[in-house]
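Right after this note come the structures.
Two complexes follow with chain A in common, the first pairing it with chain B and the second with chain C.
Coming up: the complex of A and B.
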């Protein structure tokens, strides 16, 4: 599994994330909503985990195959990058 | 020890845009509709495949009874005649027949469906612009109600009357200024005197006798004033032909056209707020007709009505399953489902309500729903608020009973099976899924080209 390339932002300083998935970006002033898996992923990216670690954690916690989790993870990254969150 | 894992939702992030969030909390679009008439939708798909049209017998019966009650409580002699073209699935026609409906048909094909269902000849109303001589002969022999659309039909019926050596009773279709756009190409115009001339002409040779008038104002007429106007003009016209031509009518036919809870694309408000009820239509029509006609000193003729949409629209749904999910280059979310616009022709008028049929999480995102036709125009709806769906999840497209099946095209894919959830809760297949043999049975390859 390839790792992801992102423009790693400083999560601690630049974002406020509420436990139910509300995200405020202090830099852009924009707000977002994440579902629970989206939030799960974003938190792990913030912890600087690599792609295979994150996908593995997803499959451990949720009822999903590794293949599916990986595809969805990549798609999620595309979307988050496009928004400038990553 | 095995750990129970959590339900997996496809991860999403949605950017907030002004105007998208609201104060109502959980979006109704994420609330699954799991059952139709108490029957599990997932079971239906398991047993009959996807996509699947599902008919509710209970809804058909309820609509019929509601309509009948609304009019019968305001007019002494009412007969509902179901407009077959709206959805001529035999199973649906049979349910309405059992409730007491007549058949309103506009082609020999529809006439023959009614015959196969054993509608008695005099319980069939034969309308429409294309009646061949042989179809008119059949209708005359069966004593069906015939509403003439043109002078040519008057001449044809005169020929038939001569051949049979008997007088034939007919109705005359009128068109009148009621709404925009007027349906002026059917029948004879009321305002310019053509309708009066047609009646005079029809009775001229003593071969035909005019016993009925018919008007159809249009379809999805959600303004009851249109029917009020129709009733007023009917009374006025009846007065004229009664006084001048000595005509006494056996029936007045107000056509169909009542609206349903589906919302039109151009409408701002949801149709659930704007669609008149059956009582509103009945109240607009019946008192005017009854008072006006009584004042003429004649008995109120039978009131025929020819509803289509109003009876079946809400009695059929389309279930379709997700094939794939897309993130478009524009950032928009898309899903591809296994039903195309060939199964949903009224999509061009209606903003169909779509709902998931299983739990998919509570967060919704505007999603474009694409069909499976491999054509760029195959868009079922843009920007439907839907939760995050995965391949195999299904959605229900609601209230698709009117015109979608009868106007469905076989194109690229087989048209789906159709089941009916019976009044007693059982499920019956009322149309099989198409297959290659069925579709190719009318074709042949020239002998010398065969391999």
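Coming up: the complex of A and C.
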């Protein structure tokens, strides 16, 4: 599995993420609401985990196939990049 | 410093709120103020007058259109009655008057922190585009027009929609020639000519309130993203942010314009290219300035420190993620207030003997 490429943003300084999935971008001032999967993925990205690790963890946490987990992960990346979060 | 008497103008906080009330609140935010907070209003129905507990004394002063001689005479009269140490004008339209009477105010012992003539001219809506072009600051394409022919030319160059603005206040978005003509007439009948026409840039709105000292050194900045707007485009809710790009651009602008005192830089972040475009520079505190106190970078309070002669080092960046939401409320007041304002042009609050309403 290929790893992902994202803008180098400082997660600790630039974002506030609540346990409920409320995300505040301190640079743009924009807010987002993440679902459980999105929140799970973003936290793993913040921990600098690679794509294989994240997909594997999604598979275990949400009890879905690896294929489904990969699709969810890729879709999240596309959306987050589109919104300028990643 | 807290024993100074501070006079503040711009007390009408209605649909297009003036900054006087939040400036007073910001000063009081830092703990007990031993001096007086004096409100200078233009009309007995300036709403901030009735905000009990905020001002110690209120005095009505003549509108700037009545000439600076009359404004000065009234301030002299007030100063004889109750000493004013610091005066903070908060309205665009009165700034020229106060700049012209600055020597007389200083002679009386009233200290002010105002921009100089050339800085003020440089930020005027009619010439701001020249300033931006000179210093390579992104700015919407702009035309300064005096007649309907100018509208046609602007439409030809920019297409629709266009933004039609007055020299001092008011801005409307026009989607047709006829609409643009209506706004041209509406604005020019109140604020006169010229009219400024700009291309419309779509994007999120951001403001940065800045404070520079007497030497033009930037002492504090509070960047804010507007979260909610009124139909007039005024921020009704906002959140502090921390975007280095925006702060660096603000520094560049302030450095080039050699500003003294407070100002508000208004930006649009172009949704097409992500760049910040400077829309306006307002030569005063904005109406949302109380947010600066909430975010730990209290600019009005710092302004009083600077004006009083204290050496102030640049402040630490404000806390990001602090929200303000404006809230309209009704205040109940005794008839005595209106009677005093109408007959004497003043209202002295006796805070220890307030009537039960």
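What to note about this one:
One rule holds in what follows: the second predicted complex is superposed on the first by the 86 of 86 C-alpha atoms of A that agree within 3 Å, B and C clash if a C-alpha of one lies under 4 Å from a C-alpha of the other, contacts with A are read in each partner's own complex, and residues count from 1 in each chain.
Quick note on the criterion: a contact is a pair of C-beta atoms (placed from the backbone, for glycine too) under 8 Å apart; a residue touches a chain by one contact, two chains touch by 3 or more.
Since the model is a prediction, treat every value here as computed from it, not as a measurement.
When both complexes are superposed on chain A, chain B and chain C sit side by side without a clash.
Within the superposed three-chain model, A:29 lies in touch with chain C and out of touch with chain B [touch as defined at top]. Seen from the Cα centre of chain A, chain B and chain C lie 90° apart once the structures are superposed, a value rounded to the nearest 10. Taking chain B and chain C in turn and counting the residues of chain A each one touches, the greater count comes from B.
When both complexes are overlaid on chain A, the residue A:18 reaches neither chain B nor chain C. Using the contact criterion defined above for the overlaid structures, shared-chain residue A:64 touches chain B, although it does not reach chain C. Look at A:8: by the touch rule set out above, it reaches neither chain B nor chain C.
In the superposition on chain A, contact is made by A:37 with chain B only, not with chain C. With both structures placed on the common chain, the touch criterion links A:79 to chain B but leaves chain C unconnected. Fitting both structures onto chain A leaves chain B and chain C with a minimum C-alpha separation of 7 Å.
Once both structures are placed on chain A, chain A residues 30 are touched by chain B and, in the other complex, by chain C.
Against chain C, the residues of chain A that register as touching in their complex are 16, 24, 26-30, 84. Interface residues of chain A facing chain B in the complex, by the touch rule stated above, are 21, 23, 30-38, 40-42, 58, 60-64, 68-69, 72-73, 75-76, 78-80, 82-83, 85. Contact residues of chain B toward chain A in the complex are 5-16, 325, 327, 331, 361-363, 388, 390.
Note for the complex: chain C touches chain A at residues 204, 206, 224-225, 227, 239-244, 269, 274, 320-321.
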